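Several structures are given next for inspection.
Both complexes shown next keep chain A, but they swap its partner, so chain B is in the first and chain C is in the second.
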Partner chain A sequence: MIYKVISKKEFTGFIDALVRSNSSFAPRQVDRDHHGNPVYQFQQVQSVDDIAFDYSATASSAKHFFLPFREELSRFLFHGNDWEQQITYEANPVVLIGLRACDISALNILDDVLLNGHFPSPYYLARRKNTFVIGMDHLPLADCFCKSMNHHTVTTGFNLFCSDIGDHYYLSINSSKAFNFLREFETRDPNFDDNCMLVERRKLIQNGFQTEIDVTALPTILDIEFDSPVWEKWGDKCLNCGTCAMVCPSCYCYSLTESFTPNLKAASREKELYSCNLVDFAVVAGGHNFRPKKGDRLKYRYYHQHRGFAENASQQICVGCNRCGRACLAGINPKDVINDLRMEKESCVTCVSSSPRKI
Partner chain B sequence: MAENMTQHRVPFQRLKIASFDFTSCEGCQLQLTNHEATLPDFLGLLDVRNFRELSSERHDDYDIALIEGSISRQDEVERLLKIRKQAKILVALGTCACFGGVNSLKNRFPVKTLIDELYPPMNIETLAVRKISDLVTVDLSIPGCPVNKDEVERIMVSLATGSRVTLPKYPVCMECKAQLNTCLFELGEICLGPLTRAGCNAVCTSGKTPCLGCRGPAEEINMASFLELVKERGLSLDDLQEKLAFYNAFEPWQNHEA
Partner chain C sequence: MRDLRFVITPQDINREGFASSVPDFNRRSEIMRTDMGYKCMVTNIVRLTEQERLFQLHIINPVERALFRFRPGQFLMLELPGYGDVPISISSSSSNHEFLELCIRKVGHVTSALFTIGEGTRVAIRGPFGSAFPMDEMAGHNILLIAGGLGIAPLRAPLSWINEHRDRFLDVDLLYGTKEPAQLLFTWQFDEWKMINHIRLHTIVEHGDAGWKGKSGMITDLFNDIVIDTARTYAIVCGPPVMFKIVCSWLDRLGIPMNRMFVSLERRMHCGMGKCCRCMVGSTFTCIDGPVFDYWTVMNLKEAI
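What follows is the complex of A and B.
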């Protein structure tokens, strides 16, 4: 990693040059909610003026730039008695500006699942390699809990990360591409004061969290609480709408469909991002549903998010952005569900005998 | 006219299809003549026996009958029963056929009031509006006001190739989130998206118009939680009832006393 400092004015020029010569996406205000608060999304930008650098959080994550909501995986062409399969892993270069530390952590987790596992995804790889990621730090929102998940800072997975130190940005340069881009612009090596300001900035972020979730030993607690009534309680609220998984930066489960074109001369295999809360998520051939209950489906979402599966070395995949909590119309959010589970255990009044004796 | 075609060595026959309009705007049938890019391919799947939007020919030897519209007159009842006898597969095409549709608003008033109001000097014969499954067995429902041509194409391809016909089981929210729309509840509106079957590509909500549920309920909707949501946000229960009743698609869940 190389560290540089750039004035905000010069930084604006740098981003503008980048945006004008590349297909670029950055936070933009798309609406104002009924309380008057701005709503942001990662949207295409044409110049630096389009970018809301002071944005809080985007309603949806940046996941779909790497895992599109819907994507054709392959095409089959039939001719005569023969057929061929066409597969392309094309991804146009994209510049993605303004990702938070937690968003980049989510990409690193997706890398673990989709690139570092037994079956690397060439579709994901093409997009990941062709995306230039610029991260920006921010002061935590009232409901952010990424610190609890240890994702409030990030050291890999981006090309460039910008920390706001007043009149300047403190740049962490993590790729030769970023380094070369910056050559045209005026930067300097950080001095003693810059380093102090970075430490101060980090402290300010660190101490700014209002929401904390105790995730110590959470995987074990989830195992113990497999039959907890907490799942049914929260499951009863669930609308089965899949919103949580759609806005989540790390949910990657999907569904596959194969269909003919209307002329029956070709067929397409399509992937769509799915959610474990949808009623037919665990329906198998023949129609049996392994998870017909809302509470069970919700439980498995929490299992995947907070206990992890073997394919990602059983690490938690939740990064603590709370997009799911904000978007859930039924008021289901990780903080309340996990606290409920913990309370469940901590309010246990059963006496535990000191030591077992063989009878 | 039914010619034998093969699709990857498997012979298949064009679908002998007929389409009939009942109490409706014929917009769904008209929708089937849209989507020009694939229209010739779509028609290539069909042996059109009776479909006045497509052809002036009339034949009675069809296997698949598309029914557009709800039933609101005695002669419609008789015509529908006759079609049912002929059709191997009877399809409810569009919201009116599936649920009664907008026409069902009529059922809020006594029939006599309606006739006096709309056709003052005439003695019109009319019945309360019914969805077609109230009268005949429906083999397949394709909801939507109007139907989504992409979906109809997909279903016709499934029928032609003998594969399973499916509709999305999840609600509109999935498609709405994929378009990065701001949730209409966040904009202070009641939207039936969380209750309504997807497949429309969230066309209304993408235009910031709340979903009125033309595609009917998604699989296993959670009305209790939805009611709670509307109440908690201090939104109007009258507005909710009005929206639920709009296409008559949520009749089993509606609060009739409200």
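What follows is the complex of A and C.
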């Protein structure tokens, strides 16, 4: 990693040059919600003026550039009684600008799951290798809890990471590609003051979190509370819409569908992102549903996010961005569910408070 | 046994591929086998019962056929182009490199379509996937195989292994129960198993009919007929979920160590590679960590059986 400092004016020029010559995606304001707050999404940008650098959080995560909602895995072409299977990877080079530390952490988790397992996914690898990631730090929002998940800083998985230090950006350069791009622009090595300001910035972020979740020994607690009534309580609220998994930056479960093309000369196998909260997630052929109740499915999601992965790869899959909490139509928030679970043994019935400290 | 594992270290994912075109592995490489299937010809279809048929598959490419190896207990993804793919456990002997046998029950969309095809149809298989029964570890012990209904299909592979290496094992008991006599599968092999391979076969049906001369009742009624030397016995159990609970707890009470009882679990699978998470039980994938688990692992998995 090489560290450089660039003035904000020069940085704007750098981003503009990058955006004009590449297919680039960055946060843009797309709408306003019913409270009047702006809604941001990663969308294609043509110039640096389109980019909302001061955005709060995007409604959807950046995972859809790597795991599209629907993706063709292979195609069968029929010739008489025979067929031929074709596989192609479509991975066009893409620049992603303005990812938060938690977004990049989520990509690192996806790398771990999809590339380091028994069977690495070539589809994901093709996209991951053809993506240039520029990260930017930000002051935590009121409901972010990434510090609790230890994902408020990131050290790998990006090409370039920018920390805001007053009128300059402190750049962490993690690839030769980024280094070469930056050669044409005026940068300087960080001096003592720049380093101090970076530390100040880190402190500001560190101390800015208003929401925290106690995740100490959470895998064990989830094991102990497997039959807890808390699951039923929150499960009853759940609408089984699957929104939480769609906006989650690290959810990757999918479903395969296969269909003929209208002329019946070919068939394509497609992958669709799925959600464990959808009713038929665990239905086997013959109709038996291994998770028939709402609470079972909600519980499974928390198990996968906070317990399952901890055993397999010694880290939890949740990065603490709280997109699921913001998007949930039923108002289910990971912070409330986990705190409720911790509280359960102390006050089984009256645990409606959102924070254990209040009782 | 070919290892499909292809480890990409995190250092390799340094995004240096950016701005190049499509990556270099856009060809039929080793890792592609997980998505590109082996093309197979259906050479024979045996009608076992109204609902079950035995499909015999022959991998067309001779190189692929020579490379395809599996261990007893593993499964493969059988694909009927245009309809989808289904996980099917392999019921033929692992030493048979000419053809594969898959016992398929008509239950869903793809299996119903499979029941309409004839001999000569070309299908695709991916795999083999999953864990296997530890046949080498079991050598030198008594083996107790317990099958309920279609559970005999995955047990036929380890049974073939035992038959081919019969001198390595001591007493072998096979308990096999179904609902009706007509649902007993592989009946033509019963005599072969009993007479040639010296396997003590105990069958039972829930509802016997006029022609049925054997026992009637639940599979648990067979437990009184057999003597188990718990210190020297390995058990393999396969059947519907409700059977696991009863049989395994009975074996546990008898004193067979939990790590010597093996079960084969069933879940819905879409990929077979631990990617889609459809078959996840707790923190374990049925497709890569299973389908064969020892009972200790199953006990520790919430919601497993």
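Here is the rule we go by: the second predicted complex is superposed on the first by the 339 of 359 C-alpha atoms of A that agree within 3 Å, B and C clash if a C-alpha of one lies under 4 Å from a C-alpha of the other, contacts with A are read in each partner's own complex, and residues count from 1 in each chain.
Operating definition for what follows: a contact is a pair of C-beta atoms (placed from the backbone, for glycine too) under 8 Å apart; a residue touches a chain by one contact, two chains touch by 3 or more.
As the structure is a prediction and not an experimental result, all values here were calculated from the model.
> After the overlay on chain A, what do you see for chain B versus chain C, clash or fit?
Fit - chain B and chain C, as placed by superposing on chain A, sit side by side.
> Tell me which partner touches more residues of chain A in the superposed arrangement, chain B or chain C.
C
> Write the angle, vertex at the C-alpha centre of chain A, between the C-alpha centres of chain B and chain C, to the nearest 10 degrees.
About 70 degrees between chain B and chain C, seen from chain A.
> In the superposed arrangement, which partner chain does A:Gln206 touch: chain B (first), chain C (second), both, or neither?
In the superposition, A:Gln206 contacts neither chain B nor chain C.
> With the two structures laid over each other on chain A, which partner does A:Phe132 touch: chain B (first), chain C (second), both, or neither?
second
> Where does A:Ser259 make contact in the superposed view: on chain B (first), on chain C (second), on both, or on neither?
both
> Between chain B (first) and chain C (second), which, if any, makes contact with A:Phe78: first, second, both or neither?
Touch status of A:Phe78: both partners.
> Is A:Ser275 in contact with chain B, with chain C, with both, or with neither (first, second, both, neither)?
First partner only.
> According to the stated criteria, A:Phe69 is in contact with first (chain B), second (chain C), both, or neither; which is it?
The answer is first: A:Phe69 touches chain B but not chain C.
> Contacts for A:His34 in the overlay, against chain B (first) and chain C (second): which applies, first, second, both or neither?
first
> With the two structures laid over each other on chain A, which partner does A:Pro93 touch: chain B (first), chain C (second), both, or neither?
A:Pro93: touches chain C, not chain B.
> So, A:Asn240: does it touch chain B (first), chain C (second), both, or neither?
In the superposition, A:Asn240 touches chain B alone.
> Once superposed, minimum distance in angstrom between C-alpha atoms of chain B and those of chain C?
After superposing on chain A, chain B and chain C come no closer than 5 Å at C-alpha.
> Kindly list the residues of chain A that each of chain B and chain C touches, one partner per complex.
Touching chain B and chain C on chain A: residues 78, 81, 83, 259-260.
> Can you name the residues of chain C that touch chain A in the complex?
Counting only chain C, the residues touching chain A are 4-8, 10, 13-20, 22-23, 25-26, 31-32, 34-37, 39, 81-86, 107-108, 111, 120-122, 124, 241, 266-268, 270-271, 273-278, 280, 282-283, 288, 302-303.
> Going by the contact rule set out above, which residues of chain A touch chain B in the complex?
That would be residues 30-31, 33-34, 39, 41-43, 59-60, 64, 69-70, 78, 81, 83, 236-243, 246-247, 259-264, 273, 275, 278-280, 294, 327, 329-331 of chain A.
> In the complex, go through chain B and note every residue touching chain A.
Answer in residue numbers: 5, 7-9, 38, 41-42, 44-45, 153-154, 156-157, 160-161, 169-171, 173-174, 177-178, 180, 182-183, 185-188, 193-194, 218-222, 224-226, 228-229, 232.
> If we count contacts the way the header does, which residues on chain A are in touch with chain C in the complex?
It comes out as residues 22, 73-74, 76, 78, 81-83, 85, 87-91, 93, 111-122, 125-126, 128-133, 156, 159, 174-177, 223, 226, 252-260, 267, 269, 271, 274, 276, 281-286, 288, 290-291, 296, 300, 303-304, 307-312.
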